[in-house]
Amino acid sequence: MAGKTLKSELGWSTVDRITVRGKDLPGEILGHLNLGDMAFLELAGRVPSAGESKIFNAMVVTLVEHGITPSAIVARMTYLGAPEALQAAVAGGLLGLGSVFVGSMEGVARILSEAVANGKNASTVLAENKRMPGLGHPIHKPLDPRSVRLFEIARETGHYGKYCRLMEEIAKTRGITLNATGAIGALACELGLDWKIVKGLGVMARAIGLVGHILEETREPMAQEIWERVDEEASAHLKSKK
Amino acid sequence: MAGKTLKSELGWSTVDRITVRGKDLPGEILGHLNLGDMAFLELAGRVPSAGESKIFNAMVVTLVEHGITPSAIVARMTYLGAPEALQAAVAGGLLGLGSVFVGSMEGVARILSEAVANGKNASTVLAENKRMPGLGHPIHKPLDPRSVRLFEIARETGHYGKYCRLMEEIAKTRGITLNATGAIGALACELGLDWKIVKGLGVMARAIGLVGHILEETREPMAQEIWERVDEEASAHLKSKK
Amino acid sequence: MAGKTLKSELGWSTVDRITVRGKDLPGEILGHLNLGDMAFLELAGRVPSAGESKIFNAMVVTLVEHGITPSAIVARMTYLGAPEALQAAVAGGLLGLGSVFVGSMEGVARILSEAVANGKNASTVLAENKRMPGLGHPIHKPLDPRSVRLFEIARETGHYGKYCRLMEEIAKTRGITLNATGAIGALACELGLDWKIVKGLGVMARAIGLVGHILEETREPMAQEIWERVDEEASAHLKSKK
Amino acid sequence: MAGKTLKSELGWSTVDRITVRGKDLPGEILGHLNLGDMAFLELAGRVPSAGESKIFNAMVVTLVEHGITPSAIVARMTYLGAPEALQAAVAGGLLGLGSVFVGSMEGVARILSEAVANGKNASTVLAENKRMPGLGHPIHKPLDPRSVRLFEIARETGHYGKYCRLMEEIAKTRGITLNATGAIGALACELGLDWKIVKGLGVMARAIGLVGHILEETREPMAQEIWERVDEEASAHLKSKK
């Protein structure tokens, strides 16, 4: 039972005080920080400046709602069976945010931070990463309007720096769309966020969007209908053999 | 394969446009709405006013970080085994936000909206709900400083109305602390949010906080140590019998 | 740091021994108990008799595979986004096993154990439970062939007792199919299992089935196609307005 | 809406028949197959022989219960907050079965199947895989009694073949314990299971064990006590600064 001492700096309470990240929650946070600022405080350990607040909020807002994704279908299907456990429906929807979708943001941040630290240029990065994440989009070509807008806000707030520049060079060199996850991965580096947590930006944002999908499912349900259609079609070849 | 037509109003895209809730994402949302405003847009279907933005952001910000909770321990323990799947660690942490903890907010919103619709007073509500949610706190007595501050912001923004009043009367009648989930449940009613989705405020907020805990776990780990201590203690009586 | 002492009886190890539920895992369990017997050992704290083994295995086997359910769709959709985290795809599929589907088994076990303990008959049980779980089936009418077979095995192994009898009377009184969850709920009572854990029979069984669905998804994928169809249909009315 | 046709071979039903993997569930499966056999049917598409049944059941039974693991702590902590959603507690416990713990079984199966297909020997495999999975154990040295017993059953049932032999050579060459995940990974290859699904053996088995932990938590709780201890210790350094 010796071992190391457990420690956390995130939050603690006494009878009349609640402190989060060293700040008094009621007095210094509530009414002063918006939800994106609070996320920044959690991840950076400090309150963002006005410029950081603007670009960081834009980054996470971008990731909230993508319409009918596998995540949204999962959340709705889960809610169909367990409406008493909304938290499980949201959690279910988050589980698919793995290497295929949201993971690209993390990859971009990891590659760019390593590349800038070692003075690599676009060609070197591409030579080392045949499957460079953050590039290409099935719909938005040649430009992803989210990347354009995010870099516009970044320039306005003074956060368009070497990571954004390198990412744009990479996309140009490859001759392919710089998608939103590429832009956000680069911006996460500009803000000094640890690449290991960059996927978390997508996870927290999507949790918000999934609550929206569950609300819509209570009003305009689709889960039962999807289930019935898929079940009927998928077993049709077996039933006909009977 | 007839059935109903599937429909969603949340978001859709074409080559050069991305629309969320009827708004152009790059042009009308990014740089204009903060993350809390975006959540409000998802749940209310419209952009919040300045006052709504202030009170709604304060409500969800309150729920982001509660220090070392079972949720936080779960997220850290899950990350220990699957560091490649940060989304699963966050999802794991959300799964325990059930009837015991965050569920009280939903209960408050449901009871208050029904009570106000039927003109019930505090005594009637308490007679009907022996275990009225939103009351009492193990640490914060007699006042929960978060409730005090949230109602202060509510007054300032014109959102302290009949639901807040009824909830305060309920707490006074019972002679017990009005805790933060009670205040937020009442405020959700003031903002016209559907009680069925009120637990979702806690779920989305905590997703943000859990990313913060995972980041701290990468720097100041505790999961391995907790595991070893618990394992050793829990099987000590069996090993000694050997 | 005082508090209660943590204790678990489930399993422990030393350099050369591994003990589960008081039995030597390599010597007394491996090669001797099948997977259903092992589940029985976990839940009942003892090795099942031959008869108990037969009926318990049949109960859980019944619950493994139900074709294309919301659970199966969720597991496949989650695997689409995070193929590196198979455990998350299975977990996602389990999350919807709530009050609507698998929960009925738990309800049956709870109601029957309380009724038998208090000498209630079918009419009284039905009067007290307007929405009696375990009754009715959308396809299997008037008989659910699984219930018929499970009760046949129960008679053969000496486990058709007062709980099964009461459940059959309840179905007859209501004039409706006794479905498989009703039969399994009754049989769980016959075996003396705690009703609070009865939903767990469905959860463990479905975990097996979901691994089967994920395997099929790697060979005959459907998740991507479902996603594309739903997305296209659900936003068609918005795009046409453009 | 064209696209590919959705198809599943796993199961389907009509009014009076329920078919799973081409077999009549009530007539050919219930009372005939135990739970491990049913899992084999799901993964191999056929009923196991007597020998296959014995070794496969032993493999999955090995993985059911490992005492107090991070998974078990997570399931208990989740149940503390959401006792109404047992499925979420089990799912939560599964989420950490990632690369660090259960993932090694998958790695072993992948490496061995590739090595045997290409005629590689132990030295080549070790040269290619510096961090060879399936080797070493913190407690069981020099032998893991589970591996010894599993290979004994394998010999008895005629399933000790080239994959087991290669894995034992690998352990001998490295001079380190062949642990249970190494043995099971090799045996999965002997049975012809797809390595992509081998992690699923651990996931399904652990789902059973986690239900056992939740049952024990209802009788001998530890989650609340763990929470209180960790919370107190982790914030002690902050409170003392006050």
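For reference, chains read A, B, C and D in written order, and residue numbers begin at 1 within each chain.
Assume a residue touches a chain if its C-beta (ideal position, glycine included) is under 8 Å from a C-beta of that chain, and two chains touch if they have at least 3 such contacts.
Note that the structure is a prediction, hence the values are computed from the model and not measured.
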item	value
Common touching chains of subunit D and subunit B	A, C
Which of A-B and A-D has more C-beta pairs touching across its chains	A-B
Longest centre-to-centre distance from subunit C, chain (CA-based)	A
Contact-pair overlap exceeding half with B-D, pair selected from C-D, B-C or A-C	A-C
Interface residue identity across copies subunit C, subunit D - same or different by half	same
Chain centre separation (subunit A, subunit C; CA means) in Å	35
Chain centre separation (subunit A, subunit B; CA means) in Å	19
Distance from subunit D to subunit A - Cα centre to Cα centre, in angstrom	31
Residues of subunit B engaged with two or more neighbouring chains	6-9, 11-12, 14, 67-68, 82, 84-85, 87-88, 91-92, 95-98, 102, 222, 226, 230, 233-235
Subunit C - residues contacting subunit D, complex	1, 3-4, 6-18, 20-21, 25-27, 29-31, 33-39, 42-43, 53-54, 57-58, 60-62, 64-68, 72, 85-88, 90-92, 94-98, 102, 139-141, 143, 145-146, 148-150, 152-153, 194, 196-197, 199-201, 203-205, 207-209, 211-216, 218, 220, 222, 225-226, 228-229, 232-233
Residues of subunit B defined as touching subunit C within the complex	5-9, 11-12, 14, 19, 82, 84-85, 87-88, 91, 95, 230, 233-235, 237-239, 242
Residues on subunit A engaged by subunit C in the complex (per definition of touch)	67-71, 73-74, 77-85, 88-89, 91-92, 95-102, 222-223, 226-227, 230-231, 234-235
